[in-house]
Every structure is written in structure tokens, then in C-alpha cells.
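Please go over the structures that come below.
In the two complexes that follow, chain A is the common piece, with chain B as its partner first and chain C second.
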Partner chain A sequence: MKSAFATLLLTTALTFPGLAMARQVTMTTQLSNYGGDGAYVALYVTDASGAYAGSLWMAGGKSKYYKHLTDWYRATGGDTAQINGITGASVGAGRSLEISLDLTDALFDAGYTLHIDAAVEDMRDSPNEVVVPLTTEGAGTPVPGRRYITNFTYDM
Partner chain B sequence: MKKALAILIASTALTATIGFPAWSAARNDDDGFGQSVKALFRSATDSLPLVFVSDKHDDDDEHDDDHRRHHDDDDDDDDDDCDDCRGNARNPAPAGSVAPPKNGLFGNGTAPKVQTK
Partner chain C sequence: MIRAFHRWPGLVALVLVTVLALSGAALSVFAAAERLAAPQADAGLSVATLTERIQLVYPGVEQVRRAPSGRITAFWFENGTPGAAVIDPATGQGVASADPNQMERWLTNLHRSLFLGDGGRIAMALGAAAMLVLAISGTLLVARRAGGWRRWFAPLRGPLAGRIHVEIARIAIFGLMVSSLTALWMTASTFDLLPDASDGPAFPAAVSGAVAMPVTDMALLVATPVNELRELSFPYPGDATDVFTLKTDQGTGYLDQGTGEVLGWADLTGLERVSETIYMLHTGQGAAVLGLILGLLALGVPVMGATGVLIWLAGRRARPRIHGNKTAGQAKTILLVGSEGGSTWGFAATLHKALTKAGQSVHVGPMSAFAPDRYANAERIIVLAATYGDGAAPASAKGFLDRLEALGHVPAIPLAVLGFGDRSFPAYCGFAKAVAAAAKAKGWPELLPLDTIERQSPQEFARWGHALGDALGIDLNLAYQPVPAPTRSLMLKSRRDYGSEAQAPAAILRFALPKVSLWHRLTGRGFGRFKAGDLIGIQPEGSPMPRFYSLASGHRDGFIEIVVRKHVGGLCSGQLMALQPGDSVRAFVRHNPAFHPDHSHTPLILIGAGTGIGPLAGFIRANRRQRPIHLFFGMRQRDSDFFYGDDLADWQTEGRLTDLITATSRGKQRRYVQDALRGDALEVTRLIRNGARIMVCGGRDMAAGVTDALADILAPTGLTPAALKAEGRYVEDVY
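So, the complex of A and B:
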């Protein structure tokens, strides 16, 4: 009985930090009716110094179009290894893209900023369509986009 | 002398027999022979198709293909499936097929969930 209890304590102690370090975050991007083809959308994060920290999502699966996501492309060199496993379809005009991600706690209230680049075929590229600091306070507050995105919200 | 006279008579007769009808036919366009000869050439001319002659040579074709390969326009979608075969970067693995990248942003490697409404 004692050994079983000790094992339970040990596994709980090992598991809890992992759970505490990550949180489920839902990011919702509402696109406007811009009257064009599906938009390529890149969500990525920069750290407190403005340096690229990593990508969170890529909407659009053909790498040949990534150069139109200009800021993301400049930061990554178009390296598709950055978005393996976090890539989905492009998003049509007027549609809403909802992504649920398991993100580390260290991302919030630590000076990280989320950026969204957007591009539509035969239309103007729109880097930094949305720029929003990742804070617990900012959760649930819609942030307006510049060209193709009506607003962006993250909830946790 | 007799022989020369015989040759002269023969050649004159031959000329008169063959040359005169031909000369008269050529002079009179309205008769049947002239019409038929003209019709022969006219119909042959009319039936010839117009042929556009290209200044491109066959050996340019390969060069053109190379040019197209190296300077492909992004607006052209017919080479969508050829990104990999040109040696460009491969398309990324879609969500769910592999774990998210280990960039320090993701918690425990759980696959993201996505829906479009």
C-alpha cells in the first residue's frame, strides 16, 4: 500500500509540472469579404527583442506562395521545417479560421508578440496584418486587421 | 540539193501541222482550249492552302522549354505539382501527419485542432 502511494505521488509530481507549463489556446481569425481567392495566413511569434521565435500556424499548403507572406518569409527563409505539422488549408473570404493549440506558458506576459501575415492571389500582400502582444490580459479582446482580416482573438 | 529540199519541206510541214494550232490556241483566249488551260492553272492556284511560315527552328524548342522552366510565372497554376521536381523546397507536412515543430512554443506536442467556419 505504501509503495503504491509513493508511486502515485511520484507520477503526480512528474506529471504536474508538464501540465502547468502548457495551456490550451484558441486563436480565431475572421477574414473579411475581400472578394478574392482563399487567403494564405501565417501566424508566428517574435520575442521581446523582435527576433523570430517560431511559427504557430500556416494556412495554405503550397510552399511556392510563401514568399508573398513577406515578413514570415524574410524571418524563416521559407523554411518549411518551421511549419511541419502546423499547416492547413488556405482560408476563404468571409470565413473564420479557429485553431486550438497547446502552447507553453512561457509565451504569455514575457514580451512575445504574435504576428499575422496574409496574402491573396492577384491581390496585394499584407505583412503584419495583425500584431498583438501575447498577454493573459489581452485574451478575449478582438484585434482588428489591416486588409484581409476583420479581427483576431485568442482565448485561453 | 534534192535532199536539202526534202528536209526543208518536211520541217515546214511539221511546223505547220503542230505549231499553227498551238499558236492559234494561244492567241484566242475565248476558245475551249484556252479556257481549259487557264482553268487548269486557276483551279490549281485556288485550291492551294495558305501556309504560314514560321521563323522558329526546331532546335529553339528545347531552349524555350528551359526558359519557361527557369522563369516560371507564379500565376501559372499548371505546374503546381512540379514544385518538388524542380528541386524547390518541399511543401510542409500537414497538421496531424507529424508532431508540431520543437520550437519551444508548443507545450507537449499535442496536435493542433483546426476548423474553418
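So, the complex of A and C:
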């Protein structure tokens, strides 16, 4: 899995000036027991102006349901090229999604914000479940989600 | 061929299809329950008013959804916690939990994927495809069995499993086709194989920047009735660039949160509408009654599965193994079999065995494998052909007539055709006759003229065997034993003698009911369950071939009764007539559902002569519900041949018999039963017009006379005996 993430970050979404330095980041998304089927979860980043910068991960394989990840869909127009190679299975209730990525240093402490959208069949769409600024300081601190996510942590 | 398309998907996908049907039926109840439980909005209520009501109760409301059932759910966010409830549109108050029903969710996942993700979805889609193949092939089979599309609902005959199978199928088949077709569409949609998803309108690039316009001032929300609403999402609190998103039955649009202006709109595409209709048809969400009906029809699937397996097993058991079958190229005699249920194969096996024993080399194969070029050493071809439905080719004879028609020249070796059939069907041995006629038209030399076997009669088959043996110059004894039926010993309890004055001694023999095992009682086998009109096979001493008599009693009567007349030189009738109380014979039961009265209360016209009174008397004895029964009974002499004379009088007093008309054929006034019918023509016509059912039992000549008489009687009404037979209202038990 790791290699897939690495590829993504270096080739597709997040291209930044001064890409030279990268570090490994582990992101853990713990889902609550919301009593529904597996959740679709999208992790993506916006820049300091709030503009979409790139996707980190898409949990959920069927593109026809992506429009329920409302904000991600709005930002990308549902463009599956944004998540080529970084797509996995949906995450069951009570499970956790752990991904490890090589992220460029330039992402941290530069006004970038990580967003998580979630959606569950027959339940309320939940864009912006988690909104967390990417800072070196914030690493290791759990951030609560709104509806389906108990908490989210990134470790460096 | 069609049968193979029915049998194999049925057997292979049995479990899958059963799971699909049962879970689907259960789910249809949830859709209907939701429709009943959901508080419905008034017809005139607008989305704006509804939203305002909800906002008053739940200020943090983020989204309002309306399900096709009419159930309205609100989602809100207050003090950092999300909430949701089913809303009463009249008050805006939450009235029930919005959490998904766990049982329904479990069933849904079972139904669509067996909890196995995409692999399971594909498996269930294959199950749905199997269901569709079964429904289509089943439709063709039902039409063929009934004898045409117009006779789709014609009454059925035959073993119970087969009747239940078809009875359910001809109603359920339409629902199953809808369910399986829509299932396949939905799976294709899930896997993105259909272009039925649209992107919706583009998100507005610019907004007014104003906020907090009351929803009741937004023109589109005021104009949209709640009954068209699907979803209204609110802008994020504090985000002036966000908008209202409205989804309705028409399409999707964005509304400015400060001005209410419509910033973008996209109608549903045609394909989206099609997909939604299909979703509704399949789930019953938005069409609860239809869903319940489809669910109910789906319950027929496990029953059809079980009876289907029984039919298949019975067919397999009925088709014997043929030992020492020669290849088509080696054999001198080619035996071609046209069988539907498998019983004709039993005759073929008997013939194969007897011919082989007589030193012949014989090849047995299905008629559909007819290939005269391969019969290098053959000297004769024998065709044993059953008939399916209204004269159609049985399963193993498909294509035979076409192939014969296409032949440039027919084989020079002679042909014999033997038909198997049941005279109670309109087209008796219709297919065998068609084969014989086609062969004659082509100038195919004849080994034996066309002959027929009625109701698998071993006697008739043995007789034909002698004729064949004569033609071949060999001694041919065909001892056909359908299923080596296990016989039981029956002890004679009493006998009533008749006929001595007519010089043809006859008797009503009553045997004690043997002890029946629990298994036979449960499965209705053997002497466990039988009715008047069923047959009893008596195994006479000194002959392997059983003789069949119609039963005059059912198991409920607690005894076994038959009416027997001694035939000159008759082996079995002689032994029976010699029985004294305490003596025993060996016998078994063969069910004969074609000659049972139906369960309706329409009048019955029973016509019988001589010992043919047996089953008819049994029907009357069992007529506890006092159905109107009119009996026409022909006998030789009144004082010696009036079987059941005293009983008939009693039954008439008890109301089991409405009317008794007799005719005597010896003595001063010679009158046959058909003359009695003509004499009562007006009453007979009236009864038949009122839906009466006719059952005839007796000798072949008598039955033919009755048919002629009825044809004359009914001529003014436009009805014919043939039409009544086709409807199943005129049945015969003829010997």
C-alpha cells in the first residue's frame, strides 16, 4: 500500500515547489459505530486560500457514489484522475482506516488544511467531517469528526 | 432443449435463487411498513412551509429528505452533536428515530451481496440471471404443456408436484421476470455499466454574498410541493459562499442563501428517470403495493424449487439404464424414443432387453438424434413416441419431424411407429400420428401399422410386442413393469356377488386396508393415501404383469373396494372371482389423478356401465359435502347386475347422490346408457351449461357411444365433447 501512496504524492496530486524534502506521515481515521453500511471516505487538502490542492486517499470503489462526498466532488468535479492509484475499500462502522504517505515538508505549517468527507448509504452525507490544519505541532493530536468519524490523527 | 435450459439453471442456482426470493419477499414488507408508518404531508404543503416548521423546532437543521414512501427525515447539528429524526410534516416535530432498521439493512446486504462485497453482488446477479432464464424457459414450457398460449390457465393433470409447480409458475412468472430484470439493471448500474448517472448542475461560481433570507421568501421553495421534494441541503453556517441544494422529482438546483435566486438547475436525464423507475419497481419504495405483490410472488420460488427437484428426481428414477446398448452404426434395429417425462424410456428398455434376448442387436437413442446416414447395418427403425400437450413433440423428439422433412430420400429400411398417450387428452397420441403421417407422405416403407398404447398399459404393449415379433419372425414377449412396484398382501373381507343371471359372474370385492408405515402415510405413497378413481394393480399368480382395476374406495373409507367381472379365460379376473373372505392377493396402488373429481361444487355428471360403476360409486360415497351428482348407470339386467343398488338408494336419501338414471341392455326394452343420456337431453344440457363436469367409466365402446350422444345433445349449444375435454371438464377412465 505504501508504495501506492508514495507514487501518488510524487506523481499526481500534490506537486509543490521545493519538493526535495519528504517525510512519512501516518494518518489514522477511526470510525464510530454509526449503525450503517461501510462509509466512503475522501481525504484531501486545500491551500491557504481554500482552493483544492490535491487528494490523499479515497476509501470506496464505486465512482457513482462519489457525488455523496459533496465537497470533494464539488472541488474536483468528480474527476477520478485525482484519485488514480489511491483508492481502497470503503470503511466499515467501528473500523479504522490507516494510511501511510510520504508527504512533502512544504505541506506543513504553510496554511494547508486537510479535509475529510464521508458518506454512508441511506444516511446523511457528511462533507467536512474533519477539517484540520496541517502543522508539525498538530501531529499526534486526535481531532474529533462530526458524524461518522470518532477521531482523526496524523503522526510524523 | 428448453427443458435443459430450465432444469440446469434451476438445479445449479437453486440455493441462490431461494435466498434471493426469501430475502426479497421479506424486504418488500419493510417498504410497505415504511409507507404505512410514515406521516404523510398534505397535498398543498410547500417545501418552504415544511422547512420553516422544522427550523422552528430544530434551528440547527442541515438537511431535509423525503423518501419515496413519503417519510420525511431531518438532520441537524446542535452543540457539536449531530441529530436526526423522522418528521411529522404537520408540526415539524420529530416523531420517530431516523436510524436505519438493522434487520432491513442485514436483509438488504444478504439480498444483494450475501455479505461478500462485489463478489457477492456478482453472484447474486448471476442468481437473478438464472431466475430470468428459468422464468423465460418456464413460460415456454407452461405454454407447451398446456397446449398453447391461449390455454395458459387450462386445468392441469398429472402428478401433484408437477401441478403445484406449474400452478404457481403461471401466476408468479410475471413478477419474477420483473424482479430479475430490474435486479440485473440495478447491478449493472452499481458497477457503472450504465450511463445513468449525471453530474448535476455546475456549482455556482459566484453568489450574492448575502445571508439569512427566510426560507419562506425563497420563490422556488414556496413553489415546490413537499410531495416532489427529495432533499434540501442547507448552506454551512457561517459560509457566505455556500448555497442551498434542492433535489426534486424534476432535477437538482442551487439557491442563493441571501436572495433565493436559482443559481443553477439540471433536470433529471431520461436514463436517470428510467433507473429510478426500475429501482422503484424492484424495491417497492414508492410503490409499496406493487412491492408487496412482487414479494408475495417471490415466495413461490422456494416451492417451485422443491417441486422442481421432485419432478427432476421422478424423471430420473423413471428413466432406466439401458444395458448393452449397441452403437447406431452396429445395430440391426434402431429404437428411437420420444419421451417427455421419461416413462417411454421404460418401454424402450423393455423392448431393448427383449429384442437383445432374442438375438437382435439394438441401438436405443432419442428421436432428436435421428440420423439415418449413421445406421449403416440397420434393417429396421422402431419409433416409440409419447405426445406433449396438444400433439406437440415430447422433449427427446424435438426436431425429428423437421429432420425427416428435410431428408432427400427416406431410409429404405421399414419403420414401425408406436404411440403412447392418454385418451383423456384432446390430441391422443397426436405426435405419433404426425410422425406416421409424415413417414407415409415421404413414402417410407412400413414395418407395422401405427399402433397406440393407452396410459402405459402393459397389456397393450405386450400385444403390440407379439405383432412386432410376428413381423420379425421371432418370439417376442414384452413384460413391461413400469416401476417394480412393491406389492402388499390384501386380505378379502367380504364379497357381494352379481351377474349370475347374465351368465357373467361379477362381484364387489372389499379388502382390508393393510397396515401402512408412517413414511408412506406422510408421503402419500403406497396404500398411505388413495382415492376412488385411483388404480389398484393386482399381481396375479403365474404372470409377472399386473392387471389394473379402478378403485371404488379411498383410504378414508378404511377399506379397499373394486368391482370385478370374470372374463372368459381371464387369468386375473378368474383368481379374483375365486377369492373367499380370508384369502389374499398381492397388490399395489397407482395414483390416477386425471380421474379424480375436482374440488368445486359444480354439478357432476357420472356415466358408467357395468363394472365401470366402481370409481363412480366411490365418488358418490365420498360426497359428504352434498355436491349435486347425477349418475347415469347402464347394466345388463336389473335384477342381477345392479351393483351398489341398495347403497345408491341410501346415498340418495343422504343427499350424496342427486339423481339416478339407469338403463338395462338386456330384456324386453334394450336401452344403453347413452340412450338414457339422450332421453334426459334437456337436463344434461342445462347441467353442462351450468358448468357441470362429466366423468365416464366403462368399456371403450360405451365411452365412444357416450361421446357421440353428448355431441348430439350439445350440438344446439355450440359446445362439443372435444371442447369440454380440452377444458378438463370431460374425463374418461376407459378399459
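By definition in this document, the second predicted complex is superposed on the first by the 136 of 156 C-alpha atoms of A that agree within 3 Å, B and C clash if a C-alpha of one lies under 4 Å from a C-alpha of the other, contacts with A are read in each partner's own complex, and residues count from 1 in each chain.
The rule we apply is simple: a contact is a pair of C-beta atoms (placed from the backbone, for glycine too) under 8 Å apart; a residue touches a chain by one contact, two chains touch by 3 or more.
Keep in mind the model is a prediction, meaning the values are calculated, not measured.
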Which of chain B and chain C A:140 touches, first, second, both or neither: neither
Chain B versus chain C as contact partner of A:103, first or second or both or neither: first
Touching partner for A:23 - first (chain B), second (chain C), both, neither: first
Which of chain B and chain C A:63 touches, first, second, both or neither: both
First (chain B), second (chain C), both or neither touched by A:123: second
Which of chain B and chain C A:35 touches, first, second, both or neither: second
Partner chain in contact with A:79 - chain B first, chain C second, else both or neither: first
Chain touching more of chain A, residue-wise (chain B, chain C): B
Touching partner for A:55 - first (chain B), second (chain C), both, neither: first
Overlap of the chain B and chain C footprints on chain A, listed as residue numbers: 61-64, 78, 89, 122
Residues of chain A that touch chain B when the two form their complex: 18, 21-23, 45, 53-58, 61-65, 78-89, 91-92, 95-104, 106-107, 121-122
Residues of chain A defined as touching chain C within the complex: 35-37, 61-64, 67, 70, 74, 77-78, 89, 122-125, 128, 146-147
List of chain B residues in touch with chain A within their complex: 74-75, 80, 83, 88-101, 103-117
For the chain C and chain A complex, residues of the former touching the latter: 62-63, 75, 77, 82, 84, 99-100, 102, 105, 109, 117-118, 189-192, 197, 199-200, 203, 233, 236
